[in-house]
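Pasting a structure below so you can have a look.
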Amino acid sequence: MSAGQMLLVATLAVPALGAAVVALLPRRIEQGARVTGTVAAALAFLASALLYLGRDWSPMIALGTPVQPWYQLQLDWVPWLNLQFHLGVDGISYPLVVLTTLLTFLCCLFTIYRVPEGGRGRSLVALLLVTEVGIVGTFLAFDLVLFFIFFEVVLLPMFAIIAFWGGERRRHAARKFAFYTLFGSVLLLVGVFVVVGSAGTADIVALTAGEALTRPIQLTAFTLFAVAFAVKSPLWPLHTWLPDAHTEAPTVGSVILAGVLLKMGTYGLIRIGVGVTPEGIAWAAPVLGVLAVAAIIIGALVCLAQTELKRLIAYSSVGHMGFVLLGIATLSVAGLQAALIGNIAHGIITGLLFFLAGAIKDRAHTGELARLGGLRENAPVLAGLLGFGAIASLGLPGLAGFWGEIFAVVAAFQRGDTLWVVLGVAAAVGAALTAAYFLRLLRRVTHGPAALQLTAPGLTRPELVAWSPLVLLALALGLLPALVLGMAYDPVTALAGVVP
Amino acid sequence: MRPVIPYVIAALLFGIGVYGVLRRRHAILLLMAVELMLNAVNIVLVTAATTVQATLAAAGVGTPYTGHVFALFIIVIAAAEVGVGLAIVLQLFRLRSSAAVDTVPLSDPDPPPDAAHATAAEPDPPTAEAVPR
Amino acid sequence: MTVADILLLALGAVAVGAALLVVTTAHVVRAGLYLVLTLGAVAGMYLVLAAELVAWVQVLIYVGAVVVLLLFAVMLTRAPIGASADLDRPAGPAMLIGGGAGLGLAALFIDAYRWTAVEFGEPGRVGVLGEEIFGNWVLPFEVLSVLLLAALIGAIIVSRPDIGARNGKVPH
Amino acid sequence: MTTHAPLAMLLPAIPFAAALVTLLLPQRSRAVAATLGIAGAAGALALTLVLLLTFDQPYGGYVELVRFGELAVSFGVRVDTAALLVAVATGVVALAVQVYSVSYLHDDQRYAPYAAQVSLFTAAMLLVLVAGDLIVLLVGWEVMGICSYLLIAHDRRLPAAPGAAVKAFLVTRVGDVGFWLGIILLGVGAGSFRIADVLAAVTAGEISGTVLTVAALGLLAGVAGKSAQFPLHTWLPDAMAGPTPISALIHAATMVAAGIYVVFRLYPVFSGATGVLAVLGVMAAVTMLLGALAATAAEDIKRVLAWSTVSQLAYMAGALAIGATAAALFHLLTHAAFKALLFLGAGIVIHAVGTNLMSGMGGLRRALPATFWSMTIGLAALVGLPPLAGFWSKDAILYAASGTAGWVAALVFAAGLATVVVTAWYATRLWLRTFFGAPRPSSQEGSPLQAMAVSGDPSSKPVHGAPPLMLWPVVALAVPSALLGFAAFAEAFVPWLQTPDPVEWAGEYVAGAQAPVPVLAEQELLHIGVFMVVPVAAVALGIVLAWAMWRRDTAADPARLLGPVRPVFAHAFYLDQVQHAVVVRPVTAFARAVRRTDEVVVDGAVEGTGRGTLGIGALLARAHRGAVPRAVAAVLGGALLFGIVAVTLGGAW
């Protein structure tokens, strides 16, 4: 086993082991268990970060394979089901993997300092680690069945996180989340079986390269996939689990949900939708594009009339993921790249925003915009960070959110048809609406006279430690988008090449 | 021997047993009907054992007496069943001073429109003990 | 039509007739007694079918134990000795389902076997049967013994609520 | 790439670095923040001067940032003299503002973020000026917008400030939708976002006419938003809620000029698209008069200046519309000088009397002599009194308009001339009411326009003199306000304002290029002749009218001359209300409706599915909750049914 393969395994195994250890530690070691979990998350982050070093630097388009992982690990698992334990990483999945491990690490770190009510912190840490295993596994899986398994692994720990540590209506939100995504997963499973049954292999590399699937099969499979991923992403009108789940979930849960869990849907659309069923996605692209733009506009409008802080940020996710999906729907290199960086930027910025919203709700004991106000009088640093997050999220050029938005529009214009141009214009209008609701948010929350007495207005050191990487990344990606897109350019170009 | 004769008798016994289970309200009569059905099955088993033994023994296949073994097992199980069943019947009778099965609710009652109905349906050992013995 | 057939027919007629009485009589106690008749007739059929051991077990356990138990239960539940009117429910559905099951099965059997005849093999030998039970079927046999034990304990516990009661204030 | 290009790339980086460092400071570390802010602005100014003095040929340089498909985004610079001149103006004003703010915001609790935002703004403006790539230009463009937003909302005591800030950003953002689309259309059409490639493609006719027109119109929308042109001008007067130095920097001298500059920079796009320049001309003519007329009735001194900014920007836009690009740029430079001077001077006045309202001022020429003289120069430059700076630049525009054929030029000329009269009138009014007459208590009742003021501190404080740190920048700015016009006489200066030919100047600098890059079209700035009488006469008319009105009652507002139209002007033709009724209210109502629909219909479908399932389940459960006999009957009946089905369908027996 090469060093790269060991790193691949470590990225998955370390958090899994960490979760087991945390769960098995004696009950009285509470703080120690949380620290242990955090160390595991840190090691996983380290392992995922090191993945980059060992990559194969040779240009890959010459090789002619649409998917060319940097390195991969292929073991037979259940041979008679065509099931292989096939892991790999390439320029498309690598940024997402690192984002996942980073956010999980930050969340665990944050949990050392603060445990939301509802259960013990060590259990929360363990569940976070299990979630991480599922998400990272989804990004690393190069086998359809394996992908599905990891896709499902995420569900239960996240359900538990919401259901135990959540807000007032946590049970309802958790159930809705679980059932809604399960509904999508069932279709995903059917789609996987349609593909595997028809192609005789579940290997994504082989499926992307080959033309084993006939057009009707591709259309059927993509329809099934699309609904599943649309629920996860979420794409309007399949989004309504998201505001409830985000609003009720504890802070770290919201961060993971918005930061990386949604990305499983968009990643699936890129890796499987584009790669495995290119004809299907090409056929459905206009529908996807229209829905994506509808999500942008509707998300923005709902936010404009929204009255609760976390709910507003949750709905803003709908709009942002709309941009990502619009990028994917264009099926061009520029669009897919825009989707990738939009994914990462949304993960970073919305993660930050949820951290901040959680901090504000903890201090003010309310998330109602009508009752908040004057935050910059009470807690200037918090207000400043919220301002930064909001500005980054509204897609200010020079910060991370910008690239995904504008190049989704650019990609739509590149398609050139009337439909796509109209979609591009509507998306640009949506971007302006995004600015409108974020400014409304800032005006309600930070400006004006101080409305509420805050408990502990200053920021604690753990908060600063947990947030500063996100702030720095939002800035760094804004200035140097090539950090993400440089390594993604070749794989995306190759992947877009399979679309008819 | 015509196997059809015991088979048809078994079938009729079974039907009568079903009829009894459905017809009777008294728990003990119900148990009796169940016994009829069990006996019907036993007849089938024994007949089959005899028939199979007759037809297959020559060929050297098939285990003789399997039907008998099963019949014995069923008799034992029936005995156990009757024991437990009667215990339940006794308990039922103690609780409701009746051995009729019609009135046994299968689930928790719905949120009661009137409390009196609810307490009547609630199995409540202390009040049940008030039944004179 | 051999002797065995005739015997089987006669015994069967008794069994079916008595069974009909079991499910129709208005006397609870009489129902028990008719049941004895049915079970005895069935035991006779076993004998004809060369299953001696089963026949004797039938007589011993069913007639000897089960029916006695049933009669005891009848007494304990203070069922009326005479005829009682409220023993039955409407006969319609019961007739339909019971008749359907019985006649349907009978039709199937008749269709399957017609009027074919088979020869009896060796007469039933208890020794062989014993080997069978303690050879091939020893594991179910043992499980069955556990089941019996469990049923025994269960019956006691169910019928004696004071055994499991925590506060022990159940009056007896 | 020469050594110049990296230096030019460094230009925005200096204040950006200063901004980043300042942001990390604790909020109350005033001294360090101020030093960093001043150092950043001074460093940028110094570097600009170095670049300007060593300039010999237009040049550019690119570093590829990222590649989206076949479209690359590169951090590029594209430097010509025009960019550097505007950069000098930016640097000077930024420096003046940084120095001035130290004293103006001496009791501010949040000085560090303030200084950082000013530095960030400076960096963004410089980025717009030197950007060689449309996307990078957009970055600077929007960062300026957000800085403007942050700085307008800076003042915590003004309840109107957050609203004004939001309005400023949103109105410009609406225009920026067009700007986005324009940039994208150009980039997609040319296959590159580099300005050099885009302009080359436009000049070569590679972009189809319709696309070019739509793109130019889109850009124009962005420009209208940023440069406060009708109908997107409504944010600028409200933006006066920001601290006065900010008004001077952003809302007078630099950011609002960025729109004009972008048109100048991408001029071939506009001239190549049919009809777009006519739209620009009409827009400019309307805005010119509208701004000037609104200024006549405004009561808040900063609002008067803000409306005058709107009107002066329209002059530049009008000049661009008729092709007088050099004149537009010239006016941009002179305007930057005198408008910054005026705002900073107004800041001193406000600082001195504690109110924004002119009804609270009067007779200040004795209390603030230096300010008085500086502002006199500034106002005279604004109205275009010869030989001050404004005269020459405005004259150049009017002369160009008179000399150009076509109805657009005629419209611009007519509106420009009328605006000269109105400008002279309102400037004189401001001058007289502020510095002459008897000193007035600030809380003067009876003014129906008092409610319009963005600020009004009712407590009447004693007039105190100008602190030196505030006075120096004002006095310093008086020099270019007075003398910059004479630059037009300098032989070397005039070519600096011309646009280099984009075809010849294709991109990267070629070391030792032999032929100098020719300019697009030679333009002249200076016209000494009989024509000069016309604007001077117009100015005189305005001044005399205002003075005559004021003479009758030195305590009263000359605006009473306006009679019944005064409230209309004071409300700026009620365009705010129109905008509110036509855009804001429908959008918010629509948003509420959409939210409701989303919650009731879309989510309702989901929740309804859940509830429906539960309901069906409850029904089935009720069916299963019958007494034992019915259950038994059902089981046995079911078994029988299955048997029958199996036998009938199976058919094996």
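Each chain gets a letter, A, B, C and D, in the order it is written, and its residues are counted from 1.
Here, a residue touches a chain if its C-beta (ideal position, glycine included) is under 8 Å from a C-beta of that chain, and two chains touch if they have at least 3 such contacts.
Quick caveat, the model's predicted, so the values are computed rather than measured.
Visitor: Counting C-beta pairs in contact, which chain pair has more, B-C or A-D?
Guide: B-C
Visitor: Relative to the centroid of every protein C-alpha atom displayed, which chain's own C-alpha centroid is closest?
Guide: A
Visitor: Chain A to chain B: how many Å between their CA centres?
Guide: 59
Visitor: For chain B and chain C, let me know how many angstrom lie between their CA-based centres, rounded off.
Guide: Here chain B and chain C have centroids separated by 9 Å.
Visitor: As a quick test, compute the distance in whole Å between the mean CA positions of chain A and chain D.
Guide: Distance between chain centres, rounded to whole Å: 36 Å.
Visitor: Report the inter-chain centroid distance for chain A and chain C in whole angstrom, where each centroid is the mean of the CA atoms.
Guide: Those two chain centres are 66 Å apart.
Visitor: Two-or-more-chain contact residues of chain D, please, as numbers and ranges.
Guide: Residues 629, 633, 636.
Visitor: Got the chain A residues that touch at least 2 other chains?
Guide: none
Visitor: Among the residues of chain C, which ones contact at least 2 other chains?
Guide: Touching at least two other chains: 89, 93-94, 97, 100-101, 104, 108, 112.
Visitor: Tell me, which pairs of chains are in touch?
Guide: A-D, B-C, B-D, C-D
Visitor: Where on chain D does chain A make contact in their complex?
Guide: Going by the criterion above, the answer is residues 27, 65-71, 73, 110, 113, 135, 138-143, 146, 149-150, 153, 156, 159, 161-163, 165-166, 169-170, 173-174, 176-177, 180-181, 184-185, 187-188, 587-588, 590-592, 594-595, 598, 602-603, 606-607, 610.
Visitor: Under the touch definition given earlier, write down the residues of chain B that touch chain C in their complex.
Guide: For this pair, the touching residues of chain B are 1-29, 31-33, 35-36, 39, 42-43, 46-47, 49-51, 53-55, 57, 63-66, 68-69, 71-73, 75-84, 86-91, 93-94, 99-100, 102, 125-126, 129.
Visitor: What residues of chain A sit close enough to touch chain D in their complex?
Guide: 176, 179-180, 236-237, 239-241, 298, 301-302, 304-306, 332-335, 337-338, 376-377, 380, 384, 387, 391, 396-398, 402-403, 406-407, 409-411, 413-414, 424-425, 428-429, 431-432, 435-436, 439-440, 442-443, 447-448, 480-482, 485-486, 489, 493
Visitor: So in the complex, which bits of chain C are touching chain B?
Guide: Listed in rising order, the residues are 1-2, 4-5, 8-9, 12, 15-16, 19-20, 22-24, 28, 31-32, 35, 38-39, 42, 45-46, 49-51, 53-54, 57-58, 61-62, 65-66, 69-70, 72-74, 76-77, 79, 86-89, 91, 93-95, 97-106, 108-110, 112-122, 124, 128-129, 132-133, 136-137, 140-141, 144, 147-148, 151-152, 154-156, 158-159, 161, 165, 170-171.
Visitor: Given the complex with chain C, which residues does chain D contribute to the contact?
Guide: Within the complex, chain D touches chain C at residues 629, 633, 636-637, 639-640, 643-644, 647, 653.
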